[in-house]
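Each remark here refers to the structure printed beneath this line.
Per-chain residue numbering starts at 1, and chain names A, B, C, D, E and F are given in the order in which the chains are listed.
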Amino acid sequence: MSNTKTFVYINRKAPYGTVYALESLEVVLIGAAFEQNVKLVFMDDGVFQLTNAQDPEGIGMKNFSKTYAALGDYDINQIYIDQQSLDDRGLTIDDLQALVYEDEDDDWNEKSSIHLVNREQLSDIIDSADVLLNF
Amino acid sequence: MSTLHTVNKSAFERNSLESCLSVCKADASVLLIEDAVVSALQGTSVSDQIKQATDKGIKVFALGEDIKARGLSEKPLMDQITLVDYSGFVKLTTENDRVQNWL
Amino acid sequence: MKFTIQVNTGPYTHQASDSAYQFTRAAIDAGHDIHRIFFYHDGVNNATEYSVPPQDDRNLQQLWSSLAAEHNLDMIVCVAAAQRRGILDEGESKKNGKSGVNIAPGFQISGLGQLIEGGVQSDRLVVFGD
Amino acid sequence: MSNTKTFVYINRKAPYGTVYALESLEVVLIGAAFEQNVKLVFMDDGVFQLTNAQDPEGIGMKNFSKTYAALGDYDINQIYIDQQSLDDRGLTIDDLQALVYEDEDDDWNEKSSIHLVNREQLSDIIDSADVLLNF
Amino acid sequence: MSTLHTVNKSAFERNSLESCLSVCKADASVLLIEDAVVSALQGTSVSDQIKQATDKGIKVFALGEDIKARGLSEKPLMDQITLVDYSGFVKLTTENDRVQNWL
Amino acid sequence: MKFTIQVNTGPYTHQASDSAYQFTRAAIDAGHDIHRIFFYHDGVNNATEYSVPPQDDRNLQQLWSSLAAEHNLDMIVCVAAAQRRGILDEGESKKNGKSGVNIAPGFQISGLGQLIEGGVQSDRLVVFGD
């Protein structure tokens, strides 16, 4: 385990307006092969990355939002969403995708990967990181 | 002799909508495009800013294609905001006398 | 009406280049005249013929080049911005001793005066950028 | 005069952090040859473009701020600075370069090109434009 | 186990300094670089935000080279802010345990 | 200490590329080890050998290439980002039927895994971007 580090991805931008959401997801998926301890944070406009019913056909782009649902299969199940960012934007957790994983330690029961957090908890998550990636 | 203002950045992230509204005349139109469309949702921390503008007579629009892309087409938008598509965007540029793009 | 469109960002990173493309198409569909499309700042990167986006993604350079061919558009890449960012036509490549040429069909390198001239000649200037 | 239009340049970004200030100035100087009616607005962080004593040697860039002093020679003498942007940033007009021109209608007397304006005046300036350029 | 936060955008233009400070622990350090250095001036609309942070114990630094570039080296900076150069920047990254870059 | 540096913006438009360069030099001067410099997003545009900035301006591509040569730096350009943005090495150029090669000396195209590996192997990851 000496080479296992905690990677924290901080996602702060809305999708489609910039490529960061998409290129962050590409890093997360590639990174999964390295079997590190991975946490994903969505805060500020980053919470829009997880909205239901994205449909960018009218702006000529492809919809990559379905890929988030696959994160659980890659053992990425520590997903933290900043409650205040939702509140400021008139969103609730029901506006976002329900991301789940199957818990191998609990008879493969399906569990939610999503944790709603406040800013104090976010600062704990940041301080738990060995490596912080920002998008 | 009215002006169309476009804003393309989220008002939660940047000051461009605020700066735009601070220099809008009552006959101006403001069009939210790209990431700025997220500012069109009801009950957000920037709703009051937009309401104050529309109370003054300023017309505020949002680009439907960008709303839809971001998965917000079923969320209620502010009553004060009118949806347009790209052809409506073009029409707004012709109905006003000039375009000020807040980048 | 006569439009000049200014594009300030490269493809893919910011949506501005996509927005400019969609707007231009809609303006053409509405019967308007596109006097010029002017690529400035990182916008010059729309003109690189070397880009190879994933198969399932849009190819902005090709979209621009096709639109230009179809509607005989005047697409100008600012020379100073292009030099800084590595967009070369035959002449610039030779002049600077570079090994290749990467400007795509339909794009032409010219000066900033073309932006001002676009503003003078057009009824509307619409700018897309970061 | 039928081809004379009013060009208004709106400068809103700090210098050096992005290239926009420099590339805006390049447009203004090239544009001067077209003999249009030109107005320059500095608002938001754009007011930092005109600070005295810029010295970007330590960040490896060249100082282009001296060029603003030449604007008067190009008959560009309508320069509008937003007072509120200065106030918000702890700046006064004395922190900025004094930009001047020689008034040919008044025996070539040297006059200030700079006008401090409020937001209402700014909206008049925007509405006076035929063409708006944003940087 | 402290964190160094870097902020590179003007707090007058973006929300990144505000977001940063909202998740800073009392032992954190914040370094203002690039356009963010303009937030270090005295008597601005963001000075209170920075003062509240330093009152909590957070240390705030600004990169001298970026201050100088923007013509602000003779303007008084907030007393709470310490100037560093690039070698000081490197030192801050080693004295803290990790770096969070607010982009 | 061992550093990995990530660069997210192209040269000239944003200062981030300059800042990353200055930081890297300062870290080397302080005796630290640069494990890798990883160019992602528009950062891949630092690697274009075709850029020709004005004589009195800095040439960021050359600064990076020189620094790499002098200190034997591992400078990696993300392959997916490079493909989208038109940065080609010999292999990519041939594979995609392009007419030239524009990657500058000292830069190498490789995968995103190199960024993660940098994070795993280094004591610090420092990111410069927009």
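Here is the rule we go by: contacts are C-beta pairs under 8 Å (C-beta built on N, C-alpha and C of every residue); 3 or more make two chains touch, one makes a residue touch a chain.
Here the structure is a predicted model, which means the values were calculated and not measured.
Counting hops only between chains that touch, chain B reaches chain F in a minimum of 2.
Counting hops only between chains that touch, chain A reaches chain E in a minimum of 1. Shared contacts of chain A and chain F, meaning chains that touch the two of them, come down to C, E. When you average the Cα atoms of each chain and compare centres, the chain farthest from chain F turns out to be B.
Ranked by separation of Cα centres from chain A, the top chain is D.
No other pair of chains has as many C-beta pairs in contact as C-F.
Chain geometry summary: the mean Cα position of chain B and that of chain D are 27 Å apart. Look at where the CA atoms of chain C average out and do the same for chain F: the two points lie 26 Å apart.
Multi-chain contact residues of chain F, defined as those touching 2 or more other chains: 12-13, 15, 19, 22, 41, 57, 80, 125, 127, 129-130. Residues of chain D in contact with two or more other chains: 16-19, 44, 59, 61, 130-132, 134. Touching two or more other chains at once are residues 8, 12-13, 15, 34-35, 65, 98-99, 101, 103 of chain E. Contact between chains, using the touch rule, shows up for A-B, A-C, A-E, A-F, B-C, B-D, B-E, C-D, C-F, D-E, D-F, E-F. Chain C meets chain D in the complex at residues 40-41, 80-81, 111-113, 115-117, 119-120, 125, 127, 129.
Interface residues of chain A, counted against chain B in their complex, comprise 13-18, 44-45, 48, 51-56, 58-59, 61, 65, 88-91, 95. Chain D meets chain C in the complex at residues 3, 5, 7, 19-20, 23, 26-27, 30-31, 33-34, 36, 130-134. Of all residues in chain D, those touching chain F in their complex are 16-19, 59-62. Those residues of chain C that touch chain B in the complex are listed here as 1, 3, 8, 15-16, 19, 22-23, 25-27, 29-30, 32, 123-130.
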